[in-house]
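Next come the structures, one after another.
Here come two complexes built around subunit A, the first alongside subunit B, the second alongside subunit C.
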Partner chain A sequence: MTEVRVAGVGLTKFGRQPERTGRDLFAEAALNAFADADVPRADVDALNYGNFIGSLAENQGHQAPLMAEAAGLRCPATRYEEACASAGVAVREAVRTVRSGEADVVVAGGMERMNNLGTGDATAGLSIAADDLFEIRAGMTFPGAYALMARAYFDEYGGGRTDLAHVASKNHANAVDNEYAQYRREVTVEEALDAPPIATPLHLFDACPITDGASALVLVSEAYADANDLDAPVAITGTGQGTDNLALGDREHLTRTPAADDAAATAYDEAGIGPDDVDLAEVHDCFTIAEVLATESLGFFAPGEGISAARDGVTTADGDLPINLSGGLKAKGHPVGATGGSQIVELTRLLRGDHPNSRHVPDAEVAVAHNAGGTVASAVVHVLEVAR
Partner chain B sequence: MTEVRVAGVGLTKFGRQPERTGRDLFAEAALNAFADADVPRADVDALNYGNFIGSLAENQGHQAPLMAEAAGLRCPATRYEEACASAGVAVREAVRTVRSGEADVVVAGGMERMNNLGTGDATAGLSIAADDLFEIRAGMTFPGAYALMARAYFDEYGGGRTDLAHVASKNHANAVDNEYAQYRREVTVEEALDAPPIATPLHLFDACPITDGASALVLVSEAYADANDLDAPVAITGTGQGTDNLALGDREHLTRTPAADDAAATAYDEAGIGPDDVDLAEVHDCFTIAEVLATESLGFFAPGEGISAARDGVTTADGDLPINLSGGLKAKGHPVGATGGSQIVELTRLLRGDHPNSRHVPDAEVAVAHNAGGTVASAVVHVLEVAR
Partner chain C sequence: MTGAAGDAGYDEWLAALADGQGFYLESPAGHGSLPPRRVCPHSGSTELTAEPLPEVGTLETFTVVHVPTPRFDDDAPYVTAIADFGAVRLTGVLRGVDPEAVDGIDLGMAVEAGVEERETDGKRIVVLRPA
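After this line comes the complex of A and B, so read on.
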């Protein structure tokens, strides 16, 4: 099986940029990835593109051909939609295509525009990631759903708002030096605790913002990298995907995310590693409680023990296992269809040593990306390693 | 490389069924496919699901986990969106996954609900397959776009409305015996010519209807079929995908569909066949002119010569090369996200000899499916063969 290398990575600035079109955003990320990759566009075999609500936000479906054109590519182009894990599945399929030998060079990533919708419409748009018949029509929103999960967690295992405030504070601290982040400012634990409630027990700083942005990766086979003498030291050595019932009410637990358990098991197995081998991770912290559940599904902590990890300094920038050194969805931002790709962009740079936060992980060799859709009805996990 | 076999196929009735939910429709198609396949659901490694406008039609994104649940599957589930070629790309990725050895059993298909939107909203919904900024806002609709293509074709090569009326009449005749078809009635050439115009030179019977429905396929590796003694005589031996600029105004020709040329070239190459080896085909006749362009891209006819094929009896049920024996999108119907899968369902049954129209092609061994998105900005071509 061919090893898959990350030849180049690109992002746009994450933030409020409602005046920019989707094609403009994705083209910028793709151009940045090609500038980083030293791969001619004519060599690209496929574009795998993630987007969630473009049909609502831009009245634009069928975006894959549009994005191929915007990026100057002439190759089969496919859109993947898996709610907030859209780019995760796009990257995963790219990895599988390259390692199967079907392709040597695949561009993967995604884009989302959300701020042009306005906050109310963006929240309504996001809600279509939940079950319309049994959740949305009953009044559910994502802040409400994650609030239920947080409350159930506190009831089952203990922990509380202060623990979650430490997650928010940590991720904001990490974003300060990230030039792509939406919120490059510190938030203290007290500030997070004092912020207005959005769905008790979650308050404002427990939630990620509404973000516009794009991500792109140029993935190549090891053979292609060698033949073209590319500087591509990071390999994707494992990819896993899991699926759960869509509605929260159809799950066995509110405090577990088995889709992510499954995705992690596959990815670890493929890479031949376990959670103890991981030096750092980017996880899907759409809400602070989601980071806690993610780190437990990834096996970093036993169920019920992830809640105190930020507070105890384990997952902070200089802790034993830094989580979301990019700032995470929380502070870097969450352009839904781009997020799964952007996590891998960040980890690639952190492992290569050219990320502002690489200084916190100078010897890191193994990293994990965890991208989730909805209330983790979908999850994708990737393992990245510095190639020997 | 593993050969990919079609172990089972399933459809719902195509037609107006606005009272049924999407999950209900897809579950029925999947249950039919499992009833046909004799494969336990626990063996399924992945669900690849196509859907186009569920975010608009049902306020439901993130449909893949929902459909997995509805079909009784617990496996990674992914939604593909490529406008009217959504199920085509879902099937294509399933074929590639199975033959790479990544999976032994993949369920692929799709679903679309459209009639609950009403005709006006369905037409508006479909228009998001075109370029919003440069086409939709200028007033373009798909009937208008295909009318431009038809007019350009007549100008460049000759032919006219009567030739297209023969395409409509042929496909309606083919649908009469198809129990899944939306319109099981004959339409004479005169009736088609006399129907009201929708976008000159296209009249009512040049356009496919607004359809609700679903399709599902159980695809397995040859090794799995052998080990489980499955009756799965049809193999998918080639899959190709092509992409073109999204907006019609950004193309070199109005009378050519290079995305389909590219898809066909790849699919033929993989299968080791050429157009002369093909015994029958299902092509994407969303409009009658689209069937003509498809048959030219597939190499059945030289550019400018496909227009008279139905009129000359070449592509009729008892002609040399029957096209759209199912009735096609024209008469069988076009539930957008399901269509690419349903074409392969029909061809599988036609090749197995258990389709009502198999009597027209008793010795057929090689079939081609052509599925297109938008004005063929995307195209997917599959080659099916009776396994030796």
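After this line comes the complex of A and C, so read on.
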């Protein structure tokens, strides 16, 4: 099997930039990735582009050719949509295409423009990742959905708002030095606990912000990297995807995310590693409770034991297993259709040593990205390793 | 965004719930699901039969929503809850409790399911109330 290397990565600043068009955002991320990759755009065999609510936010369907054009590419271009896991799936399919030998160079990433909608319409747009008939009509918002999971988790395993406030505080601290992050300021546990409620038991600092931004990666075959003498020291060695029933109420457990269990099992198996081999991870912390559920599905903690990891210092920047050194969706921001790509951008830089937070993980060799859609009805997990 | 054509299968299910004739679909293995559905999401069986929804369920989890979507602007703050009715769960708006004091409510409370109007636009929604 051909090994897949990350030749280059690019992002836009994540944040509130409602006037910027989607095509401009993605073009910036893609050009940044090409500047990092030293790969000519003419060599690109395909564009895999993730986007969730562009049809609502920009009244723009058929975005893949538009984004190819914006990035200066003329190749088969396809949009992937799995809610907030859209870019994760776009990356996964790029990995599979390169592995198959069908392509040597694939650009993968995504874009989301959200702030031009305003909070109410953005909340409504995001809610369409849930089941329209049985959830959205019952008033389920996404903060509400994760709040339902959080309360069920507290009831089943214990833990509470203070544990979640530690997750928020940790991820805000990690974002301070990240030049791409939306919120580069620390938030204390007390500040998080005192913030106004969004959907109880989740309050303002339990939720990720509404973010505009884009991500792009240039993925190449090992043979292409060797033939062109590329500096591409990070390989994607495992990719997995899982699916669950769409509606939360149709799941066996309200407190577990088996789609991510399945995605992790496949990705670990492909890479020939287990959770104990992982040095750091970027996980889908759209809400603080989501980080807890993710770390349990990834096998870092048993069900019911992930809740105290941030509070105990295990997952902080200088802990045994740093989680979301970028700041996570929580503080770095969550342009939903770009997030799965941005996680792999961050991990690549962390492993290469050119990320502001690389100093926390100087010897890291194995990293995991966990990207989820909806209430984890879709999940994508990737394993990244420093190539030997 | 939703057209005027209605949603066959779901509309009949909601009307039955409103008439006190709530039901769910059951597969031969005893798994429950909600219509419209041709395949049991748990067993894969296509032999689904309508079974009466138990009159009383138990509150499994809830949230008080303070930041709504526009369709619920006038309803907020409101409570979204999931209740266990045995073979199926229902997600609905929990009424008959005070949203400002609801964090004191114990999970496991007995609830009944019905259909009422959304305050914002009068659309019919699944509502849970203390039994």
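Definition applied: the second predicted complex is superposed on the first by the 388 of 388 C-alpha atoms of A that agree within 3 Å, B and C clash if a C-alpha of one lies under 4 Å from a C-alpha of the other, contacts with A are read in each partner's own complex, and residues count from 1 in each chain.
Heads up, the rule we're going with is that a residue touches a chain if its C-beta (ideal position, glycine included) is under 8 Å from a C-beta of that chain, and two chains touch if they have at least 3 such contacts.
Bear in mind the structure is a predicted one, so any value in this text is a computation, not a measurement.
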Fit or clash - subunit C, subunit B, common subunit A: fit
Touched partner set for A:72, first subunit B, second subunit C, both or neither: neither
When both partners are placed on the shared chain, which of subunit B and subunit C touches more of subunit A: B
Subunit B versus subunit C as contact partner of A:374, first or second or both or neither: first
Partner chain in contact with A:82 - subunit B first, subunit C second, else both or neither: first
Which of subunit B and subunit C A:62 touches, first, second, both or neither: first
Centroid geometry (CA): angle subunit B/subunit A/subunit C, rounded to a multiple of 10 degrees: 70
First, second, both or neither for A:152, with subunit B first and subunit C second: second
Partner chain in contact with A:241 - subunit B first, subunit C second, else both or neither: first
Partner chain(s) touched by A:18 [first = subunit B, second = subunit C, both, neither]: neither
First (subunit B), second (subunit C), both or neither touched by A:135: second
Which superposed partner A:100 touches (first subunit B, second subunit C, both, neither): first
Distance in angstrom between the closest Cα atoms of subunit C and subunit B, superposition on A: 5
On subunit A, the residue positions that both subunit B and subunit C contact, one per complex: 132-133, 136, 245, 250
Complex contacts: residues of subunit B adjacent to subunit A: 21, 47, 52-53, 55-56, 58-62, 64-66, 68-69, 74-83, 89, 93, 96-97, 100-102, 128-133, 136, 241-246, 250, 262-263, 373-374, 377-378
Complex interface listing, subunit C residues touching subunit A: 2, 7, 10, 33-34, 41, 60-73, 75, 78, 80-82, 88-93, 102-103, 107, 118, 123, 125-126
Touching residues (chain side subunit A, partner subunit C) in the complex: 119-121, 123-124, 127, 132-141, 143-144, 147-149, 151-152, 155, 196-202, 245, 247-250, 254
